[in-house]
Structure formats: structure tokens, C-alpha cells
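Per-chain numbering from 1; labels A, B, C, D and E assigned in written order.
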Amino acid sequence: MILEHRIPAKYLLDIIKYELIIALLAGMGTRFLAVWFTDDLPVMPLGIPAFLGTSISVLLSFKMNQSYDRWWEGRKLWGSIVNDSRTLIIQLQSFMPVDQQLAVKKIAYRHIAWCYALGRSLRGLQTLKNTDHLLSGSEQKGVILQAHHPLAIMQLNARDLQRLRRNNAIDVLAHIHIQETIGRLTDSMGGVERINRTIFPSTYRLVLHFIIYLFIITLAISLKDISNLLVVPLLLLISAGFFFIEKIAFHLQDPFRNRPSDVPVTHIAEQIEKNIRQLLGEATIPEVSPPKNHYIM
Amino acid sequence: MILEHRIPAKYLLDIIKYELIIALLAGMGTRFLAVWFTDDLPVMPLGIPAFLGTSISVLLSFKMNQSYDRWWEGRKLWGSIVNDSRTLIIQLQSFMPVDQQLAVKKIAYRHIAWCYALGRSLRGLQTLKNTDHLLSGSEQKGVILQAHHPLAIMQLNARDLQRLRRNNAIDVLAHIHIQETIGRLTDSMGGVERINRTIFPSTYRLVLHFIIYLFIITLAISLKDISNLLVVPLLLLISAGFFFIEKIAFHLQDPFRNRPSDVPVTHIAEQIEKNIRQLLGEATIPEVSPPKNHYIM
Amino acid sequence: MILEHRIPAKYLLDIIKYELIIALLAGMGTRFLAVWFTDDLPVMPLGIPAFLGTSISVLLSFKMNQSYDRWWEGRKLWGSIVNDSRTLIIQLQSFMPVDQQLAVKKIAYRHIAWCYALGRSLRGLQTLKNTDHLLSGSEQKGVILQAHHPLAIMQLNARDLQRLRRNNAIDVLAHIHIQETIGRLTDSMGGVERINRTIFPSTYRLVLHFIIYLFIITLAISLKDISNLLVVPLLLLISAGFFFIEKIAFHLQDPFRNRPSDVPVTHIAEQIEKNIRQLLGEATIPEVSPPKNHYIM
Amino acid sequence: MILEHRIPAKYLLDIIKYELIIALLAGMGTRFLAVWFTDDLPVMPLGIPAFLGTSISVLLSFKMNQSYDRWWEGRKLWGSIVNDSRTLIIQLQSFMPVDQQLAVKKIAYRHIAWCYALGRSLRGLQTLKNTDHLLSGSEQKGVILQAHHPLAIMQLNARDLQRLRRNNAIDVLAHIHIQETIGRLTDSMGGVERINRTIFPSTYRLVLHFIIYLFIITLAISLKDISNLLVVPLLLLISAGFFFIEKIAFHLQDPFRNRPSDVPVTHIAEQIEKNIRQLLGEATIPEVSPPKNHYIM
Amino acid sequence: MILEHRIPAKYLLDIIKYELIIALLAGMGTRFLAVWFTDDLPVMPLGIPAFLGTSISVLLSFKMNQSYDRWWEGRKLWGSIVNDSRTLIIQLQSFMPVDQQLAVKKIAYRHIAWCYALGRSLRGLQTLKNTDHLLSGSEQKGVILQAHHPLAIMQLNARDLQRLRRNNAIDVLAHIHIQETIGRLTDSMGGVERINRTIFPSTYRLVLHFIIYLFIITLAISLKDISNLLVVPLLLLISAGFFFIEKIAFHLQDPFRNRPSDVPVTHIAEQIEKNIRQLLGEATIPEVSPPKNHYIM
């Protein structure tokens, strides 16, 4: 997630540099050809690029909207994970007998590991890194053998609950009640995976780029009698605006790609760890140090 | 679902070829008539096609929005099917006694068959293909006699649960709890069928095409004094942009038509099979080979 | 619901004929006056009708959006009715003892009657037509005495469940579980009635028509020096586009008015009857014949 | 809620009369000054007011959208009240023993009183008017002493249920089941109060008006060489369209202000009374007479 | 929350003063340069700033929409807190025995403290201020030691419930039922924290500002032959409109920043205290005095 301050200009420029170079080439090439064939080339009325520009803003607005919705839905699902994590611990403490606090702690730690593993698996990273203090060695080995690591961790917790139920440590009503929370966590896991795997209609992006280049070319032709000194910066600045918004949308639409604009899943998992440790009554964890970059992950 | 890379140009062109031919004919015909009657035909101000073009982008934006919402809703419902499939198996394992693992497996396999059958039935394909390893021959025969195959498979599972309840293998609370998951799966099934059967207001599409052609004709008239060399490509390129977006929307609005832009229901059902087999503790299934086309089904 | 093919041109023209006649009169009248007072009447810049046209498309887009949402919400609620109908039967079969299949069938038939009656009551038709095979004569008579027929049918089913509960045919947990499904069906019934009774802000439509006519008149004045041969068809075609979209929206916003664009409630109720009969194990019902019109009801 | 027919022209004009007078003064004043300083005042290109006009339609569209959503959410919440009211009575009848019909009736009547009181309290009217046939005198007195009347009525019903539970007239499961319905009614009550108390960002309205006046003034300057006979009506008609839509939105955004455009809470409460009396088996209530105005409250 | 009346002009001007000064400098600087290089500088067609202006309104509309949605979601979540607070007390009174009214009161008071603490923690203020009448000194000390104060208060209540359950003051069903309400309150707490911590894509704002300045500069160039007397106010007024809407959106998107445009969390918490005290049967609290400012917090 990009923070509000300290965004370096380099970062901004990097985002659209390739598009700007192409735009520059397209614009310059068009103008060069326009000057060459100036006698044959008739007047291109400015109304054409003007309405194209308006249309681009409308089409960009749709894309921005849907991309933001995906990002926000991803954030909301991680928000549900935060809520259900807190609720899970409160429920375990409420419905398990006092002499089972060790079992509660074990399930709680495994759940924290699940949060980290889910975030890393979404980003295509090694899932079990930094979970040594949360999962035992044999558990890690068992999980790694499976295809879907977070699902395997979740099943370990479901099995623990089942064992506690068989030993009558919890009654059937409490078991169902806690199982429903695990069901909601399963839903959130499935939800973020859905966003991660579903490709936003990629043909739409192609058309959008196509129309932006059409805009640049028609604008270059229609301004062919105006000095390069004014037209080239104008072309670049306007298309920079369009490409920038398109790129923001493109980044938002896939919020788990290990990019600065990601939903900050590691940061959220750390918050969950802090909250759960507080609920378990562990000594207060030192506040995390402020971010050193213009983003948090 | 169309992947992000390797989209062949041929695929893109195929999508709008008929519309482009009609647009070309309409544009050329208009220009021919315009030149013929050039003395009688007065000036068409460019403002007319320009505002029509802006209006088209606004109206397209609405259509794109609603079509994307249908596609995304279809994807979400299949996401719920993934989640509830995982939850169903975890619940069965949690609430059924250890000696009933065979019954769990039977229900789980039948549920996988339901996923495949639902996807194929949405696409109007033969529903029970490739389910020989999941459904017994007698079950297949019974299902085929019914009008609605996925519903028949689901009823088989509901009946098994009822039998387990009567034999006191599960208690009434667990029965209701699992039945609620089956209820949610029924809702998802009904949801995707609703999207599949409900036709997006088809008159809207007619008006949209009508206005695009009106745009082409008025633009052709208003540019009648400009050389064909510039106007014909311009007409084709702008209308290509509009028709392309309209076609993307048209394809998205019906996400179960056995087209490359479909929600990839077969792929999702395969993922569900993999997840369920993992939860059942079966040997790890080999990773599916990467897609060979520019889309997955 | 209008089907995708075979929409007769007559149907399309009928939708907007009155608006087109008024538009023609307004346009011609304006031009006549404009020619009459041509010396006194100054130039109307084309920018005025052009921006009005763009504004109309924006305002239409809002209306189309909200109207489609109402139609789609109506369709979704009927989709929930389909889902909860299937769930209701599966629940009854799961939680009622085997010797009560006759009671299940009676409730199921009455529920089918409720579906038909709800659809017909939304459209203001005689509610109990074609339910002779589903409701007994005395039940029909009792229902007809009440003000709200579908609610009366639903109460009959609730009473049957209560009787079964008192006879211990079902236990209290199953009773509550099934009652919750009836509660959801009550919600869907209330939802479609809400859409049916709530009038979309009718003043918005007046303003929209007002602005479209303003557009026609200003366009007619600003093109007053151009030949009728071009301007009259242009005026008619553009306003036909606008009026058509407005009419589509107007029809969608009230989806239960016995019009071809309705949510096809009779068709859906027939599907529910087919599904329920399948779940009851009745002999397969012959497939319904394909629709003979360009719409299904 | 404004009905579809019989909207008097006077009502329409009253809505925007003040805005039109200001618009007229602004337009005329601008033109007067423009003529006075005509030599010094340069040309204002029509492009300025034209793009302002388009922008206004976009900004109005956002406002219309949000305002309609508030109105529709208010209507939906009252729809939920209708549904939960029906469900409450069906639940009471299902889960209370036959000899407690008097207790059911007492709770039902009090619930009807709650509906009327909530509607009137939203509109800032005297809450307990016309509830003499529903609440006893002592109940009315007790309620009036409290700050929040509908909440006090609801608590009376919750207490009755608690008493019935203590006397074992209902069991704990049914008690929880009915209490959940009361919880949903509490949510709906809180929802409509939230809409009623939350002020739509009022600064947005100021900016919108500001831009509309800017549009009128720039349009008046840019048309300064055109006769008053054409420009003044044009200015008034276009700004009438804008102001009208703004006013529709302004009225919709607060749907409980005792205005003709309100959500018709009294009418809905009457429907609930009719439904509940039908469910209680009371003699059919005569159909309400058709509305005498162009709106229902 | 800003009230509808009495908004001081100073407040309005303060909001956009920096942006206006930059806009003035940019516009004047451009005009100065334009006059200096007037011979070299060719004509900038008005179509460029005009379509940029339209695009800005479209892009602003997207931002306004999303920002308003965040604000409204924040308000809705606090609305849910109001509802669940009322429900919590009604549930406690319904399911706890009559002799436990003191325990009910203790939980209720602690819950009020949670509401105040949550609001203050969102705004980054000292959380436990003004809760001396609600929390005992030892509770306050315990809470302060934790990292997350509202979560710590909520855990105290969960523990009290658990203790009551162990003493059989409530049965397991009622315990689960009340715990579900606490779960919903946990969800609302997580929801408002999510809105508070998630930064709206800040790069979007940069692009929007960039395009507005581009608009000002191109407009200044294209009007370079028109008198400063007309152009400077025009530039300032139009950009004031744009910047104002952008600032409204910017303020709405973060509704818990201790600003006048905040969701009024203190005010809502006071309402909750009033409602809970009424439900507890405490003497009526005097009506809060009307707000003295143009906003409530």
C-alpha cells in the first residue's frame, strides 16, 4: 500500500516510462509524416481527438472503478480475516475449559501461521518462511507435502477441534459455533484466491491502449500547423495523465503481486499476530518501527 | 478466461470482423452518396458525430459495467462453490465418527461430480462426461433419468446424510449444520443458472449498434471534403474501438457459453477436486500442465 | 423477458412511436417558425444542442443503471425463490420421518401454488388460476377470503409445520431450521412487492423528456440553414436513440407489469414446479415447448 | 412517494421557483453588464459554458445516484420491516402454544404501534398519535416518559417474550429464534435513523450550485450578441433542467422529512397492520381508498 | 459531520486556499509567458482545455463516488454499532436471570466505554478520557497496559460472560447467542479500523491535481488574447469548483481524522449511552444541547 507522503518522483516516472516513450515516438512519427505529406494531408478537425479524449476518460473511469473495487474487496477480505481471527480467539477462550489454555494457544499460534502463509502464497513466495516460532517442525513437514499449504494448516486446526470435541473438552454447540468461524475464514481465503487468479478482461486493456494511441495520432495530425515546442509537451503531458491512471488501475486490479501498490498482507498479518498475542495475555509486543519506504507491504 | 499474454491478433480481429465490414460498407456508401449529391448535401457540422461519439462511450460504459458485473458475479458464485466445497469436507470430517471415513469419501466424490456436472450443464454439454471415477454406474443411470442432473446429484448426497442421521452416525445439530452448507451450495447453483438463463436486455444492444452506425454515417458526411486516405482508416479505427468494447461486454455478460472469455468452470472444478483430495489425505495429485492456449476453460 | 432473436421491427417501433411523432412535430414546428422569423432569429451555436446531447446520455445512463438494477434485483429475488424452494423440499425430506411423505407432498404442492399465485398477484392477475391441481377447493376458498392471497397460502404451510411439530413428527430444531427457509421466502415475497409498489421518482422522467425536447428544438434551430432532407431524418434518428433507451429503462424499472420485458415469473414458477416434482420423485415432466414469441412470460 | 400520474404543474414549478428567479436575475444582470461594457468585454468562447454544462451533468449524475441510493435504502429498510413483521407473527403463532393466542395478539398489536411510532418519529411528528387501539393507556404513558419512543415499545415486547419464556410458554430455542427477528427489526430501526440523521455532504451542494451559476453567467456572456428573445428562455430552460434534477436529488436524499417525495412510511405501516390482522385471522379490513393527491405518505 | 446551515464562508475558503493560490500563480505565470512569447506561441485551440475540463469532471466523479462510499461505509459501520449495542442490552436482559441485573449493568457500562474508546482511538486521541464513570480504576489500568485498548475492553466483557456461563447464570445457547452479537461488534470495530488505516490510492490524487493544472495552463494559453479582467476570475472560479470537489472527496475518504467532515463518532457514542441508559431504566437523561458550530463531532 502506497503511503500518502514521500512518494519519490522516480517511482512515479518509472510507472509510465515505456508508455511515454511509445507515445513520444507515435506523436513525433505522426508529425513527421504529417509535415512530409502536408500538401496531401487534409485538415483533421480537433473535434475528433477532443471527443476521443473525453471517451478515454469515460472508459478509464470504468476501469478505475472496477480495479479499485477488486483492490478494496481484497482489502475487505483481509479485514474479515482480522475480525474472524480476533473472534476465533475470543470464542476459544469463552467456550474451552480453563485447563485447556495450552490447546487454545496451540490453535492460536497455528492460526497466526496460516495468516502469514496465506499472504505469502498469494504473492507466490515461499509460504512457510518465518513461521518457525508458530508451527512445529513436524507440522511444517506435513504441510509442505500438500499442494495447498494454507488449506493444510487450516485442516490441522479443524482436526484439533474435533479431537477436543471427542474428549468432551468442548460441547457440540460450541464446536459448531467455532467451526462457523473457521468456515468464514475459509470463505475469506477462497475470496482472496479468487481475486488473485481471476484475470481482469485483458482485451479491455488492449482496446484502451489502442484508443489512447489513436487519440495521440489524431491530435498530432490536427495540431500539425502548430509548433513542436508546444505540441510535443502537450501530447506527452496529456497522454502521461491517461497512461498514469490506466497504470494505477492496472496495479490495483491485482492486489497480491508483491508490488508497492499491493494490499499490505504482511503488515496485516503482523497486526493479527499482535492482536492475538494481546488476547492470549502475552507481554506487550514492541510497536513496529515506522515504514522506511513510501509503501508498506 | 482469457490469459494476459499470448492473445493472438487473429482472435482479436475475428471478434469484430463482421461489424467492421458493415461499418466499412456504411462509411463508404455514405461517402459515395455524399460525393454524388455533393451540391445538394449541405454541411454536416462535426459537432453532431462528436457528441454522438461521447454519448456512445457513456452508453458503452454502462453496458460494460453491467456485463462485467454479471461475469464477476458468476465468478464469485463459483468462488463460493470452492469455499463451500472445502467447508463441506471439513465439516463432514469434523462431525462424522472416525469409522465413517468411507461414507465421507463417497459424499465427497459425489460432490466433485456435482461440480463438473454443474459446469458442463451450464455450457449445454453432456453433464456426466468424465465422472466415471466419481459416480457409480447405477448412480449415473439414476441421475440421467432426471431432468435436472446437478440437482439430482445433490439430492443423492442429502439422502445419504439423512440415512447417516437415521443411523445416528451424526446428531441432529451436525446434520442441520452440514445441511446449511448444502443449502448454500443450492443457492450458488441457482445463482449461476439465473445468470445463464437471464438475457441481458437485448433491445439495449440494438440501440447501441444503431447509434454507432449513426455515428459512422454522420462522421462520414461531415468529413466528406477530406480525402478517403485519411477518413476511411479513421472511421474504421474509431468504430473498431467502439465495436470491440461492445463485443467484450457482450461476451462477458454470458459467462457460461463455452467461449474463451467464459468463467473457467472446468478449471475451477479441477481445483476443487485437487483441494478435496488433499483434504481426504490422498496422495498429492500432479500439478496441472500450463495452459496451451491464450485462455483456460 | 425479451429473447435475443426474432424481435420484430414492429415491436421496436411501437415502443417509441408516440415520442417520435411528438419529436417530429416539435422539430418541424421549430424549423417552420425558424424559417418564418429567419431574419429576426439569430444564430444558435451548435455547441448548445451538442452539450445537451452529451448531458442527456449521462442522465440516461443513470436512469438505465437504476432501472436495470431494479429489474435485476427482481430477477435475483425470484432466483432466491427458486433456491429456497429447492432447499425447502430437500429440508422437508431430510428432517421429516419416512412415513410422512404425504405431508411433505402436500406442503410441496401448496408451495408451488404459492409461486404461481405470487407471480400472478404481482401482475395484478387473478391469483389462483391454474392451481386446481395444487390446492384443494376448501383451501382455495379460504385463501380467496383473505386480502393477501400469497401470504395466506404461506400461512397454511406454516400451520401444517406447526401441527407436525405438535405431533412430534419433527423436532424443535428441524422446525426452526425449516421455518428459517420460510422466513427467507417471506423476505423474497416482500422484496418483489417492494419493487412492484415503489414508483421510481417519476419527476426525473419528466425532466429527462423535457431536456430531450429542448435538445430537439435547439438542434432544429441551430441547423436551420441546412436542408430538411438531412435535418429531419437526423433529428428523428438521434431522438429515436434517446427515447428508445429511455423507454427500455422505463420498462425495466417495473418488472412485473405483464409486459414482454417483464421478469418471466410464470416461466420461473413452471421451472420450480418441474424441480420440485423431480425432487419428489415424480415421473419426468415433458420438456416445455420452445417459446413461440420473441419473449417469455 | 410521488405517484406516476396527476402531478400538478404547480407542484413542479414550486420546486424550483427560487432557483429560477436567481438564475433569471443572474442571467439578465450578466447580459445587462455585458451590453454596457460590450466594447471592453471580449468574446467568451462557447466552449467554456458547453464543457461546464457537460461537467454539471456528470456531477449531478453522481449526486442523483447517491441520493437515490439513500432513498432506495430507506425504502428497502422499510421493506425489511414489512418482511420481519410478517415473519414475527408467523413465528409467534408457530412456536407459542395454542392457549397463548391472547399473548400473541398483544405482542402483534404492540408491534403495529411500533411501526406507526417509528414512521412518525422519523418525520419529527408526535409518535403515539392514532395508537389508542394498539397500546393501552398505561403503556402509552410509560413510553412517553422515555427519550426514544420506538425503542421503548420494542423493549416492552422483548420483556413480554422474556416473561413467556420464564413461564415456559416458549422454550429457549424458540425464544432465541424470535429474538433474532427482533434483532433484525432493531437493525432496520437503526438503519432508517442513520439515513435520517446523516447529512449528505452539504458542501457538495454548494459547489454544484456555484458551478450552475457559473455556467449561466458564462453562457450569458458568450451569447451576448444574440437577441434576448432567444437567450433568456434558453438560459431559463437549461438551468431549469439542472436545478430540477438537483432538487429531485435533494429531496430523495432525505426520505423522511414529511414531504410528498418521502418514503411512504404511514402507508407502509397501514399495509403492515392489514397483513398482521389477516395473519391473526381478523375479519377482512376494507381496502384503503385510492389516494386523493398526486402522492401517498 | 457538517450541518446543513451556518457553514461560514471562511471555512469554505480555507479548504481550497492553497490550491487557489497555486492555480492563480500558474494561470498568471502562463499568461505572462504567453504574452511575452506571443509571436512565437501559436494558437492553442479551446477544444484542448474544454475536453480536459470534461475529463476532470469524469475523474472527479469517480473519486467523489469512492470517497463518499468510504465515508458512508464508516457511517454504516457505526450504525451497526448502534444497532448491536441496543441488541446486546436487550439480549442480556432477556437471557440473564432477574437477580443478575447488576452484572447486566456492569457489562452495559463497559460496552459504552468501548464505544467512546473506539471513537477516540480511531481519531488518534487518548482513548480512556471521560470513561471514569464507566470503567473502574483497575479496569482502566489493565486496559492501558495493552496495545489495543478497545479490543482489551471487549475481552473484559467476553470474560464476564464466560464467568456467568460457568456459574450457570446463562445457559450455553444464550451464551452463544450473545457471543454472536459480540462477534458482530468485533466485525464493526475491524471495519472502521480498516477504513481508517487503508490509504486511498494516493497516486490517483497526484494525477488528478496534475490534470487540473494542465487544464489551467492550456486554458490560460488558449484565452491569451482575451483581457485579464475576464480570464483571471474565470480561471480561478472554474478551478475553485474543481479543487473544492476534490477536497470534499479527500476529506470524506478518511472519515476519522478529527475534522469537521468526520463521521461524528463522539456524538454517536453519546446517543448509544442515552439509548443504553434508557434500556437499563435509568432516569431520563436531559436532551443534549444543540450544536454550537456548523458541525458535530
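Here is the rule we use: a residue touches a chain if its C-beta (ideal position, glycine included) is under 8 Å from a C-beta of that chain, and two chains touch if they have at least 3 such contacts.
All values derive from a computational prediction rather than experimental measurement.
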> Quick one: subunit B and subunit C, Cα centre-to-centre, how many Å?
Replying inline: 24
>> Roughly how far is subunit A from subunit C, centre to centre by C-alpha average, rounded to an integer in Å?
In response: 38
> In subunit B, which residues are in touch with two or more of the other chains?
Replying inline: 47, 50-51, 54, 58, 61, 65, 173
> Mapping chain-to-chain touches, which pattern fits: line, ring, star, complete or other?
Replying inline: ring
>> Give the chain order around the ring, anchored at subunit B and oriented so that subunit C comes second.
In response: B, C, D, E, A
>> If we count contacts the way the header does, which residues on subunit E are in touch with subunit A in the complex?
In response: 40-45, 47-48, 50-52, 54-55, 58-59, 61-62, 65-66, 145-148, 151-152, 154-155, 158-159, 161-162, 165, 172-173, 175-176, 179, 182-183, 186-187, 189-191, 193-194, 198-199, 201-204, 206-207, 210-211, 214, 218, 221
>> Considering only the defined contacts, which subunit E positions touch subunit D in the complex?
In response: 1-4, 7, 12, 15, 46-47, 49-51, 53-54, 56-58, 60-61, 64-65, 68, 71, 75-76, 79-80, 82-83, 86-87, 90-91, 93-95, 171, 173-174, 177, 181, 223, 225-227, 229-230, 234, 237-238, 240-241, 244-245, 248, 252, 261, 274-275, 278-279, 284-285, 287
